[in-house]
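Should a chain be cited, it is by its letter among A, B, C and D, assigned in written order, with residues numbered from 1 in that chain.
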Amino acid sequence: MIKVGIVGGTGYTGVELLRLLAQHPQVQVQTVTSRAKAGTQVAELFPNLRGHFDLAFTEPAQEKFTDCELVFFATPNGTAMQSVPYLLNAGIKIIDLAADFRLKDIAVWEQWYGMEHACPHLLEETVYGLPEVNRAEIAKARLVANPGCYPTAVQLGFLPLLEAGIIDPQRLIADAKSGVSGAGRKANVATLMGETGESFKAYNVSGHRHWPEICQGLNAYTEKPVDLTFVPHLIPMIRGIEATLYASTLRDISLEEIQSLFIQRYQNEPFVDVLPAQSHPETRNVRGVNMCQLAIHQPHKTVVILSVIDNLVKGAAGQAIQNMNIMCGLPETSGLTGVALLP
Amino acid sequence: MIKVGIVGGTGYTGVELLRLLAQHPQVQVQTVTSRAKAGTQVAELFPNLRGHFDLAFTEPAQEKFTDCELVFFATPNGTAMQSVPYLLNAGIKIIDLAADFRLKDIAVWEQWYGMEHACPHLLEETVYGLPEVNRAEIAKARLVANPGCYPTAVQLGFLPLLEAGIIDPQRLIADAKSGVSGAGRKANVATLMGETGESFKAYNVSGHRHWPEICQGLNAYTEKPVDLTFVPHLIPMIRGIEATLYASTLRDISLEEIQSLFIQRYQNEPFVDVLPAQSHPETRNVRGVNMCQLAIHQPHKTVVILSVIDNLVKGAAGQAIQNMNIMCGLPETSGLTGVALLP
Amino acid sequence: MIKVGIVGGTGYTGVELLRLLAQHPQVQVQTVTSRAKAGTQVAELFPNLRGHFDLAFTEPAQEKFTDCELVFFATPNGTAMQSVPYLLNAGIKIIDLAADFRLKDIAVWEQWYGMEHACPHLLEETVYGLPEVNRAEIAKARLVANPGCYPTAVQLGFLPLLEAGIIDPQRLIADAKSGVSGAGRKANVATLMGETGESFKAYNVSGHRHWPEICQGLNAYTEKPVDLTFVPHLIPMIRGIEATLYASTLRDISLEEIQSLFIQRYQNEPFVDVLPAQSHPETRNVRGVNMCQLAIHQPHKTVVILSVIDNLVKGAAGQAIQNMNIMCGLPETSGLTGVALLP
Amino acid sequence: MIKVGIVGGTGYTGVELLRLLAQHPQVQVQTVTSRAKAGTQVAELFPNLRGHFDLAFTEPAQEKFTDCELVFFATPNGTAMQSVPYLLNAGIKIIDLAADFRLKDIAVWEQWYGMEHACPHLLEETVYGLPEVNRAEIAKARLVANPGCYPTAVQLGFLPLLEAGIIDPQRLIADAKSGVSGAGRKANVATLMGETGESFKAYNVSGHRHWPEICQGLNAYTEKPVDLTFVPHLIPMIRGIEATLYASTLRDISLEEIQSLFIQRYQNEPFVDVLPAQSHPETRNVRGVNMCQLAIHQPHKTVVILSVIDNLVKGAAGQAIQNMNIMCGLPETSGLTGVALLP
């Protein structure tokens, strides 16, 4: 059994890591920390875990993880970078589910996250944990930056088109929508049921932190830098992201050709599922599972890609476990074979 | 008191007409028909109307409306066109909330609605009931085609830009999202709570009936025909449409200039409200009221317009009453002065 | 025009007062205070109020209300009692929507609310603002304690049975369910969409502050003190309370007899609507309006009363305006004639 | 591998059986029938099953099941009884998830279900599939009637109290609430999102088919027949039942004593979880898993039991698989070890 730890286990990515790891055949959660809930049984805070864990939250302290092979950070932005150097020195592998190590350009990071980076020297070696792009690097990495939820859904949809060079990188539009769990489990008026129920809105249209992350990922596949318009929206529900992606083709290309391109690109990917052309994926199709469903449409001149994930799974905890499997030499699908809950 | 009738009062646009007309100071609902519910009190089917109506549904029959000045059709597509000629001959004004008279091109209509039109000779005189565009014609009309819900939200957002000639009409994208009430109140697996709750999806991406209606409306303001990509989505909630509109400007233009353009265009419109630039309108802001809230953003090169309406009010029954007010010489805001329900 | 003020206008009862008063023909809101939002336009914080108010929140200060005839407190428990004596001395009438003045027994109040009462001498003159019980006293009152939401729904359901002496007061059960807005608009993990959506639970089963308030109200109509089991639950929605009330009859009595009793008891009440026996009122029937719908069932030996209100209207702001109308000599239904929003 | 079949796989209990059986290590679904969807791949109708099943719905025909050891009926009431005799004769075990075999008294069954029973001679040998009560009989049964969803939640809550003889069986109240999936996946106005969203109501207060089923189950444990008042309600969500149960104790008994009683009664039950006294179980704690969480309260004189299940799992498909495991000699928890999805 591989022993792992979780820093910051009381948020939604924390409980989702615990839920998925409880069913992982080769992994044991050794330690889960929380400043606020130290001493509380995890199953008391999250009663869905009753019978699956006999484990209490402990005060965060770097020594707690010494017998762990790998540690997940499910903490707010800016926390992991304080402890990662110590843990790496202790020979522990790290997956950060927050944004501390996602951007390669330190200036861009500091601008968008509004703080000074604590360990910029680690950014170069950090591997961006999108396995469909960086599998080989992830396998060798000590430190993996787990992608954001929107960036996962958007990149997986645009990548085959950009790699094939058939769309104009300077006319990309991503109209993305997320359930409220993406905003985390913290006291906040804006994400109360009373504020988010039975209503729909765009937010952060003039700038969202996931925009530079997506651009960085897409730029690796284009000569001209991408020009992406990214508009996030809040859906009155808990889990799920749907991204509707718009692109202009650079030459005449049929829907069948694009469909083949996607099929081919993702044929060996266990967690990307290309639906028949003109399908309409629903977020519930992937609720609770580590899967991205994609579907391609081509009304008129524009290519439209529909991409759905569960923001807490393929958009966070599930992808982190996929990365852990790769980093630790386990079968990539280990612990990730569940079936989505529908209805 | 102006006497009006409603054909087909058991759907969501029917009950919404009744709710709004109950509060209209100059109008009395004389007759409301329903084949299925004839004999039932309207307040029995819709208990929110208790104390506001002492009226039963009656069998539909054209003679029932002889003392009405105006009749609303809140019927499925293809129904109004059977009775409209008779009622017009009887001197009764008509507002059709369905799609029978929305498209000027009979061939296009028959293709999208899959039936033969019963009175194509009326299409020419029919006025498309978007008051912000056709107020003067509506005032003189006998027959008004009330716009669809998506077309209302999308046209009001694009029109100022197209009229000013500052965007490329061949690169329009409308990413639109609607609550489930837009699909009506009929037995249907696809709109069960179990199918639509806690999930989000695009639908009809390859073709939606509102697409030709929007194009027809926008084409009146451009030399080159518009090329519009229109993707509708279903939100897990009941009421509200949010449309996120994307356009490419033809010249350098600042956000301030665009904002002024919108302010000016809608300054005398009682039911279009231009929010401060970079606002994020929520559908709940207009829940239950006849209002379109618009907000303009300009991240990077693309102009992004956010447009929200209540699909059952400005997108259906409220706009119909606005049209009735204009057609009958009443103050345009009469009966439409309520405040949206938030939260 | 009667001038009124609102202390603490940024919560859900605050915005609901503003929504309803915007439509009140004889009342003008002069002042609305908020420590946190002083300087902000009310229509900026609550965009549903755009076009209805040109008014900014101001710092709370007792002098601000000197030209008001009446002041509403829409503040957390414990706030109103600090300022009420000053305002009463200034000749201003008060309606407190919080709990400061609801309980007559100071010891019970201090036990349940966990603080010392600032003006216990005012408790005696305070009138409990349930108009269906205390209309005459309210008309003469300077200080009205607006009832809690659960207490309104529960008392209106039990009262006719207790007044008639036909049920055992020592075997009362109220199984009550509320939308999340009842918990207010404050940052709180427990009422996030992520915590309350798609889930249902009982809470505070061993003791809820509304229990002594309900008992106090019911005890006035019984010789033996009532023994009430009160279990509140949280519904994954925003607005509405449904209370299912169970009582044991003391003698054989038919459903028809009980139905007549209710009809008679509430025949002159504008805001209590007794549905036909065996109806099933839905909370949406009264969404946004000041109405309590009741229905009576008698399966087997037990009488079952179903009671629905909108917790923010008849359970808070609407009832407060009803009390204001009575206190100020206005028609009781003034400003409260809207139609519920369904669907 | 045990081969099983499913009759009627297109409803919510059908897809839930498929979801759970996809993860069952010792069972293979051989055949799944549907008249309406014959020829369609199950993963096309239910895209959450993509990658888990390569199986199409087939026309229902009794011969299709000849190589199955066990067949589940996930059909409407009245369907299973037509085919069960044939299949039993062919040596196939049966679990009926509908109500055809739940009631022992044929007259009561025919009264509540409004049809003639097709094989009343089988009612005696049928075992009511509540493993916590009838485990030994289930192990030997050919034909198991899987309990209703409400009856599961209510019986598990009342049974320890009735078995111990400490409550008055003639004063039982069950106030039960269910998500909308309990009404099934069929075209129906009453369960549209537009009708059930953002609203709450009681229904069938004067009589629900689960009432005689609950009474039959409870009567086995009392001398005096139970008198149960059962009020079901509809929650605006998809999955989950919460039942709040009220009972009067026959003697003084402490909360601790009652808690011990429950702990002892269910100590060996893998799928009943007694929470610490005075807990508040939420339906999401058991979303997607075969578990009943119970909590005991004792405010004043009344005992209050809170019981939550997922209506589609412990209330239907999960309990059916639990019964299958017992009937087929598999470990009772096989395929049922998942963790609930929270949030």
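Convention: contacts are C-beta pairs under 8 Å (C-beta built on N, C-alpha and C of every residue); 3 or more make two chains touch, one makes a residue touch a chain.
In this text the structure is predicted, and so the values were computed from the model without any measurement.
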Which of B-C and C-D has more C-beta contact pairs: C-D
Identity of the chain that, by mean CA position, is farthest from subunit D: B
Computed distance of Cα centres, subunit C from subunit B, in Å: 36
Mean-CA-position distance for subunit D and subunit B (Å): 45
Subunit C and subunit D: spacing of chain centres that average the CA atoms, whole Å: 39
Of all residues in subunit B, the ones touching two or more other chains: 12, 181, 185, 194-195, 197-198, 236-239, 281-282, 284, 287, 343
Residue numbers on subunit C that touch subunit A, as the complex places them: 12, 180-181, 183, 185-189, 191-198, 236-238
Subunit B-facing residues of subunit C, complex: 12, 15, 19, 22-23, 46-52, 181, 185, 197-198, 238-239, 273, 275, 281-282, 284-289, 293, 337-343
Subunit B-touching residues of subunit A, taken from the complex the two chains share: 171, 173, 175, 177, 179, 194-195, 197-203, 205-207, 227-231, 233, 235-240, 242, 244, 246, 248, 278, 280-284, 287, 297, 299-302, 304, 306, 308, 343
